[in-house]
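Next up: some structures, all given as structure tokens.
Presented sequentially are two complexes of chain A, the first with chain B as partner and the second with chain C.
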Partner chain A sequence: MEVIESFENNLNLKCKLQVLSRADGSAMFSEGQTVVLSAIYGPVEVKMQKLLIEKASVESVFKPKSGLPGVSDRYKEYLIKNICETALASALYPRTAVLVNLQEMQNQGQLISCAINAVCLACLDSGIDMKFLFGAVSYFLTKEEELTLTPPINESSVKAMFVFVFNNTKGDVIASHTEGRFSIDQYKTALDICRDEVKKVFIFFKETLLDT
Partner chain B sequence: MAEQYKSLHPAKYYRDHLKHDIRPDGRELSDFRPVVINVGSIKTADGSSIVKIGNTTVVCGIKAEISRPKADAATKGFLVPNVELSPVCSSKFKPGPPSDQAQVLTQIIADIVGNSQCINLEELCIFPDKIAWCLYADLICIDYDGSLIDACALALISCLKVVSLPEVSYDPSLDKQQVNLEKRTPINVNSVFVSTTFAIFDDKLILADPTVEEENLCTGTLTIVTCNDELCYVHKPGGSPLVDEQMSDCIEKCMNRSNSIKKLIKTAILENI
Partner chain C sequence: MSSIRKTIITNCEKNFLIKNLSEWTRLDGRAFNEFRNVEIEFGKDWGCCKVSLGKTMVISQVSCELQQPKSSRPNEGVLNINLELNPMAEPSFEAGRQSDLSSQLNRLLEKCIKDSKAVDLESLCVKVNEKAWAFRVDINVLNHEGNILDCASIAALSSLAHFRRPDVTCDGEEYKIHNVKQRDPIPTVIHHYPVCITYAIVKEGEYILADPTLLEEGVAEAFLTIGLNAYKELCGLHLGGNAHLTTKAILETSNKAAKRAVDLVQLIKEAVEIDTNERLTMKSLGFHNTLDKQISDVHVDELGKYLDHWTMDKIKRNPKKNQKVTTPMEETESTEEESEEDKSMDVSQEKVESITNLGDGTAKLDISTAQHEWITIESDEESEKEDDVIIVEPKVETLSIDSNSEEEQVLVLNPVQRSAAKKKKKKKKKNIIS
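Showing the complex of A and B:
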């Protein structure tokens, strides 16, 4: 399996599908220096307590690079679970579960957006029905009030970080996560730029699928 | 009759109300519930507050302990929020280790505190690399009726405003510390954050300050936290997509509300003294 890259893209995205043999869908996705491995199992049998009569229940697990999962990983799981619940056509698989597993491989600041994109590609790879695609973009505001797509090398020079998740149908915001303090205008500017950037992410998704 | 209708067809019951721009509890779509703040009611804590937003009730107590700073941040103290969703607040929660929701909420509150930089952690340090204050902020939900992030954030900030720490003298040569419990000084709170939650109903209607019933029926939520004139947290965990106009509208409402909440916190603290 060859690694698909897109060089003209300043997000520097790379992806490899079907990296795991047992999973229904899997993807190794990297955004700059951040790498996440994701695997989707589903629809599979569901635990009694989590059974939903009218739709599939989504469970997500996020494993950090080292150490035990903590409270911040629970937050990422919650975010990914909610996004998947919105995007997957879960009504087609009642009384089942969809398991979304993520493993952090390397983190250079874009972990959340990278994880979300990896999940979308794994979903596509597994062939599970989806209502729409979702793509995430991270954006950084430095202490010098500059907005940039590439994470600053020095972590302490970041004033704020934005992560936006869009759908590919109308380009509306499905999820938003922020860190740090910023003005309303900066938020809106970041939102507009990310909406343009996410188009490149969707094109990359398409290229990836066409090449496999 | 209305009772039966509500339990049999909850979504339709809401839709019928919302069609007439009114919610079942009598509020308009963008109305907020009344807020009650009480500070300093727990005397054994170093700071405490009780906040009610409609029926949602959260108690916050801050206990200060002396601890050793981390090696990689030798000049910083700690502020550790912890949210507890006890079985008393809703039938959704069972006794035992903290539920996923409680852990997520704890992380969100910790993020808000970190983002807003309301407390300068360096001021909590007593002697670099030796001793520093660790503030344990326990947030306990007594009644769970929606917009819990708002209630927790409000309880925490009003509690921080009334925290006072005893004077500590430290002798580095003998590694000895002496605490003077009689002399207490308040801590500096640089900024006040105010959180506002919105719920998206049927992909288009936006309900401000939702109750738990509304949260369960809704297809998505949006939480915006303002800090002075800036934003410090915009949290939308999946759910229905939002267009930009709706987003800006929510931010504007949030800004307006933050001023009145700030006044309320001030009055609550003044009345306590």
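Showing the complex of A and C:
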């Protein structure tokens, strides 16, 4: 097992804020060749059955580019909803809703981490109160037991995929998602590398905000 | 099932809009028969495009699948158009739920594109009664600022024209779909491009507005949607809502729409051609490439529409920004201030243009000496403020002709202060970064 990606390798992040005029906060985020558009409405009026007395309820919708949303899209919604519930200071907005909308624009393997980062930037753009920032990094294990940050061009050569989400205060893992088979050692290596790599993501967040 | 309520348009807004229309102006400065800008951007995959009509934005993706053809039409493929109103576009839209609006829009799109036989379905058949391609066009609305239908129809057509299906071969029983690397994908045959063009009818047919915005849609009593292709052939006509429209008005509007249709089809064809040519040169294309393109200062551009005499001289400013890089910080600050003063002089010296009506929808611009001018106020106190708009009481007494006229207020928009504030901010940021 060897790590072929050097730390100088760029994640190739790009972002454009305030893409949509209707949403309170929106961001088009790209990681490599994966592009996700996210929009945040909130705090807005809540549906009766989703009203929470002590905090804001977070709803998330993930839309695939083609076809009807399936189980994997529901899963992404659930993951993002969980992350937002921990990261947003929802206790400040009781009896309201925060709507997190995501649209896949282009998928080249890093869809989940790209979506999570897009949500964080959209939250920042909307100006909603947050407890901390969150950033995600994807990591791939190929069939040749190589670990890489950039997704292999051939999708079938991916043996496993890891997505780690960290907060920016202590660098703790707030969510993790894996697909495929891997050993504990590989998981640990991936975690360590992603923890280092996420610092670049946070720096990128800062730079984008300073630019606008 | 309760859902998030739609934003209600207030009576004040309605009255204001109608009052403006009676003075032949629209809130965004367009003429009644003027459309918003169309932008078509293609993604990395075949048949994926993002279309924006003004601020309304949709993304469209074509996908295909081998299927058994319908028994009623054994030698034809299938085309499905599916428009989704996402809560991203407007929070009152519900995900995955058919509303009245979405089924109406879907039906209109289908009527325009599918029923007019724009796509050659027979060429999609692989083997009669056994296998045919089923195309599915997914249109997701990203931002709702009025006139979703026009935007969606442009998106559907451009993604269909852009799409290429993989090649398929059959050796007796088995059908083999070749991937892009093995065999070149095949473009779709499109007979003609029928686009939808929507007009809003306000105040019982008195005003007919092309390409209505969200507010205009809310005020309008009825909508006239015309499906047309570049050959001026009518592919669909729909009058929704209730308004008294004469046949003459409908005919006139569809004639105007025909001109628009020609332009739109030209635009779609050009956009697709440019993109396919670029793909041939093996360029890496997609949304990720166009992301870092700087957006123009939209708000400033918009302001310019309302204020005829207030122009931002962007071309002049840019070279000075470049100079900033070469010269040390302290010096540039002083030179910038000087240059800004020059510009403010330019603004005040600008001549007032008067518009003379020549009739029949044409007008002439005359540059005459100034009678009214924008007052620019330059004092140290105010330049420190970061406010963009300063309301100043008129120093000279206004000649009140009408007895009931209210006290006039002069709006002074000071571009200089605004930019100064911006630059200050930027400098602060740079310090932070360094």
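In the analysis below, the second predicted complex is superposed on the first by the 203 of 212 C-alpha atoms of A that agree within 3 Å, B and C clash if a C-alpha of one lies under 4 Å from a C-alpha of the other, contacts with A are read in each partner's own complex, and residues count from 1 in each chain.
Here is the rule we go by: contacts are C-beta pairs under 8 Å (C-beta built on N, C-alpha and C of every residue); 3 or more make two chains touch, one makes a residue touch a chain.
Just so it is clear, the model here is predicted, and its values are computed rather than measured.
Shared-chain residue A:K188: touches chain B; no touch with chain C. Contacts of A:P69 after superposition: chain C is touched, whereas chain B is not reached. When the two structures are aligned on the shared chain, A:N101 is found in touch with chain C, with no touch to chain B.
Touch criterion met: A:Y78 reaches chain B, while chain C stays clear of it.
In the superposition on chain A, A:V35 contacts chain C only, with no contact to chain B. In the superposed model, A:L141 makes contact with neither chain B nor chain C. In the superposed model, A:L20 makes contact with chain C only, not with chain B. Once the two complexes are overlaid on the shared chain, A:Q49 sits against chain C while remaining clear of chain B. Chain C meets chain A in the complex at residues 2-5, 43-45, 48, 50, 55, 57, 59, 61-63, 84, 86-91, 95-96, 136, 138, 140, 142-145, 284, 286-288, 291-292, 295, 429, 432-433. Of all residues in chain B, only 100, 103-104, 106-108, 110-111, 114-117, 220, 222, 227, 229-244, 247-248, 251 touch chain A in the complex they form.
Taken together, the chain A residues at the contact with chain B in this complex read 71-72, 74-75, 77-79, 81-86, 165, 167, 170, 172-184, 187-188, 191. Interface residues of chain A, counted against chain C in their complex, comprise 14-16, 19-23, 28, 30, 32-35, 37, 39, 41, 44-45, 47-49, 61, 63, 65-69, 97, 99, 101-103, 105-106, 108, 207, 210.
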